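Note that chain A is present in both complexes that follow, paired respectively with chain B and with chain C.
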Partner chain A sequence: MMSLSRLMSRAPAPVFPAIGPGRQADVERLLSRSGLRAAATPRDAAILLVAGDIPGTAAAPLARVHDQIPRPRVTVSWGHDEPDAIAARIAEAWREVCAGGEGEGDRLPDEPPNKWKGVGPNGQGGKGMMGGVPYGRPMAMTGPDIRDGLQLDRYTARFGPFAPMLPPGLVLEVTLQGDVICDVTVETQPFAQPADADAPDLCAARMLRLLGLAGPADRATAGKKPRGVWMRGAVPGGLGSVDGAGDARDRLSRWLSGTPVTASVPDIPALLKGAEWSEAMLILASLPPSAILRACQTPEAA
Partner chain B sequence: MIVLLALVVLGTLLVGTLFAAMLDRSHLSIVAFFARQRVETEAPDRLNRDLAPAWYLTLAGAGLSVVPFAPGLALIDSPVGIVIWGSCEALVIVTVFLHGWSPNAPFPLIGAYRYAAIGLPVMLPSMFVLIAAALPAESLSLIAIVESQREIWNVIRQPLGLPLFLIVALAMTLRGPMDYADAADIATGTSAEASGAGRALWQTARLAMLVSVSAIAATVFLGGPLGPLLPGPVWLWLKTAALMALIVLLGNRIARTTPSRMMWILWVVLLPLSFLHLLISGLVAL
Partner chain C sequence: MLTFGIILGWAVLSVLFALAVLPKAHATAPQAMPFLGGGTPDTHAWQRFHFRPYTMSLLFVAFEMEMMFMYPWAVVFVEEGIKALAEMGMFLTILSVGILYGWREGIFRWE
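After this line comes the complex of A and B, so read on.
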């Protein structure tokens, strides 16, 4: 068994990052190193990397993310240490995880947010066959499709603040029909990031990851030329057009050639409404983090 | 003989999966995840959650069982080998859907529906490409298709066949440009809630399917076990390994477009292209 745990610890350490204010660029550069692997979901992680000071409003979501990581798990907090020191601490935490043991316990009680107990004589709680909130769990209700008016199920859910496909800190309340966004409101604005998060290589890498190119994205982050085929062409033309900054494909082209993009304040809900989920995530990744923050700070979006 | 062939099929699947994991550089991660906790979601479909990776592995094995390892020698010598493989392809869509359905969570379900929507138009060109390969052999048996390539391989006789089939292979193994089930924008989609051994088993099954689909491609387009000097199985293994490396490389390098645009490409470009391929192959075979 000794040899098995040593074999396991030679795998790249699976890290789920919870990125706080000002630390997006640091974390993205750290996780593109070999020996570390950015997990796309807490279920795929063993180590929770908490970078920076997470505001109190995000404490409860952070605890939920922590509890979603399978055991044994270890939390590594990144204050102001050098990246090399943090990489070494993560490697040590991964060896600890591979050696077995209990790891950290849950931060929140392991019970459903609502009891499996309804209202009424049969406990069903809902109204009729659809909609309502039976057992405290919101059910989909039909509504007109925003493209052709066909009556389809609508489902409302909150995404963020640590969703890996969204800017850190951003919380969106999204009403979906399938994966088409019918309605979207910004619940919490993203954490402020310094200008280094707008660096062309990091911005290009975020889009490349959504295009399924994790390897080329890591190369771009390391300052090398990303070796990918059809990188610009895979982004649909006309997606996420913003005054003065072209569409998502134009912005990716400029980032890939190393030119920074400055976008005026985009209207985020208007850009995302009617888009499919994958298009919406590409649109968000195609805007510099500073532009998204400014857009969410304007009174219309709040 | 049957026992020997069954052992060869199992051995190929095992060694091939290991080789695929090395190509993918995911072997250590998979080992590490077999030992980790498997987390329950709220009210999952437990039966299908456990069955989905098992089905995926079984389909990889079933697909490989019709592949001839030497001229005239397959574990299942079926007169309709191509059809057996075709049904494996179709059932992969059902399996991936069940994998996304079972955890009872939004991202896996979005991935499941996306894959089902993309899967249908991927299966259609696949069938036309495989039927085109059966035309010169005048048989649906994979053994006959190998025999028909004694003089010239199908990859040369039907130049569009292998490229079209590689797209199918990427979709069946959830890779790169065709990985609509487990994409990054939905936090690895159908696998978003999979953890521990369940996650590791799903990844293993995905790699096993890579072996199977590559072996079929090697049989249908590269003459399978045919080749000079070396024995038949060795030629099949070499060709399969080369195709596996090619599929992994394509998956790592080619960007994935949005699902709705891929739907357009599949229905409007690739489906007519596969019709054309079938027509040309039919005329050549006359």
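After this line comes the complex of A and C, so read on.
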């Protein structure tokens, strides 16, 4: 058993980053190091990396993300230390987790958000298929599909501020039917990031990571050639066209050749409405973070 | 007796295996929530959505069944000759009309 945990601690440490204002580029460069692995979800992680000062409005979401990391878990806060020092602290925390440490307890109470109730004696039943409140949440109600008007369930949820596919801090309230986005509103604008978050290599790496090309993404962040075969072909043509900055594929090509992209995005919701989820995330990743922040800051035209 | 023993042995082994891989950790309420990057959902995640390849998969199943009919037909064809070929030709023609109808209705369009 002892040797098994030692073998495990030699694997890259799975880190889920909660990125605060101004720390996006630092965290992305840190997680492209060889001993660390950016986990796609908290379930895949053992270490929560909290970078920078998380504003009070994001404290509750941070607690939810913290509790979704399976036990044993460790939180590492990154204030103003050097990246090397943080990498060493993460490695130490990972060894501790692998050795079977107790880890941290939950921050939120172990209670469903509402009582599981329906008309039946066991909490079951209600109107049609929409009965009851299973696991404390009501069932989705139907609405017309935006493509062909078929009556289907609409799922509304807030994504962010620590969703790895969105810019840090951005909270979108999205209404989905299956994977089609019916409605989007910007709840909270992304955290301000310094200009180095717009660096071409980081922007290209974000898109490559979404496309499942983690290896080329890490190599791009480390300043090497990404060494992928026809990577721009993985992005569908004509996706997320913006005046003066081409479509998502053009922007990826420019970033891969080391050219920064400046885009002025008119309206984020208009860009995402009607797209499938995967397309919408690719569109957001294909815009520089500063452009998304500017689009969220300008008051939306009614 | 030996057969009975093997069946019983396998049953016991599979139950033991199931018990061994049974999840031990109890998922807390925050962990049972879908991961939304710290966000919250309004409703339960169980929902009915538009399964886009549905019509295409129905068409696939229809032609899969047609291929299954062709195996016994191959035996009959050896005995009956040209008559069986004509019968199968009629059957395939009717099915192909179905494809043309579906095509006109737009079932091959991804939307």
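Everything that follows uses one rule, which is that the second predicted complex is superposed on the first by the 278 of 302 C-alpha atoms of A that agree within 3 Å, B and C clash if a C-alpha of one lies under 4 Å from a C-alpha of the other, contacts with A are read in each partner's own complex, and residues count from 1 in each chain.
Just so we're on the same page, a residue touches a chain if its C-beta (ideal position, glycine included) is under 8 Å from a C-beta of that chain, and two chains touch if they have at least 3 such contacts.
Remember, it's a predicted structure, so these values are computed and weren't measured experimentally.
Peer 1: Under the stated touch criterion, which partner chain does A:P190 make contact with: chain B (first), chain C (second), both, or neither?
Peer 2: neither
Peer 1: Looking at A:Q68, would you say it contacts chain B, chain C, both, or neither? Reply first, second, both or neither.
Peer 2: Both chain B and chain C are touched by A:Q68.
Peer 1: Would you sort A:P289 into first (chain B), second (chain C), both or neither based on which partner it touches?
Peer 2: neither
Peer 1: Using the touch definition from the top, say if A:P112 reaches chain B (first), chain C (second), both or neither.
Peer 2: In the superposed model, A:P112 contacts both chain B and chain C.
Peer 1: Please work out whether A:R43 is in contact with chain B alone, chain C alone, both, or neither, and reply first, second, both or neither.
Peer 2: both
Peer 1: A:P164 in the overlay: touching chain B, chain C, both, or neither? Say first, second, both or neither.
Peer 2: A:P164 contacts both chain B and chain C.
Peer 1: With the two complexes superposed on chain A, say which partner A:P200 touches: chain B (first), chain C (second), both, or neither.
Peer 2: neither
Peer 1: So, does A:P14 touch the first partner chain B, the second partner chain C, both, or neither?
Peer 2: first
Peer 1: Just to be sure I read the superposition right, which of the two partners does A:L152 touch: chain B = first, chain C = second, or both, or neither?
Peer 2: The answer is second: A:L152 touches chain C but not chain B.
Peer 1: Return the residues of chain A at which the contacts from chain B and from chain C coincide.
Peer 2: Shared contact residues on chain A (touching chain B in one complex, chain C in the other): 41, 43, 68, 70-71, 112, 155, 157, 163-165, 178-179.
Peer 1: Which bits of chain B are touching chain A when the two form their complex?
Peer 2: Contact set of chain B toward chain A: 28-29, 31-32, 35-39, 42, 106-107, 110, 113-114, 176-177, 179, 183-188, 191-196, 199, 252-261.
Peer 1: Please output the residues of chain C touching chain A within their complex, sorted ascending.
Peer 2: 25, 28-52, 111
Peer 1: Tell me, which parts of chain A touch chain B in their complex?
Peer 2: Residues 4, 7-12, 14, 37, 40-41, 43-44, 46, 68, 70-72, 98, 100, 112, 155, 157, 163-165, 176, 178-179, 208-216, 227-231, 233-236, 276-279, 281-282.
Peer 1: Of all residues in chain A, which touch chain C in the complex?
Peer 2: Chain A residues touching chain C: 18, 41-43, 58, 60-62, 64-65, 67-68, 70-71, 106, 108-113, 129, 133-142, 145, 147-148, 150, 152-153, 155-166, 171, 177-180.
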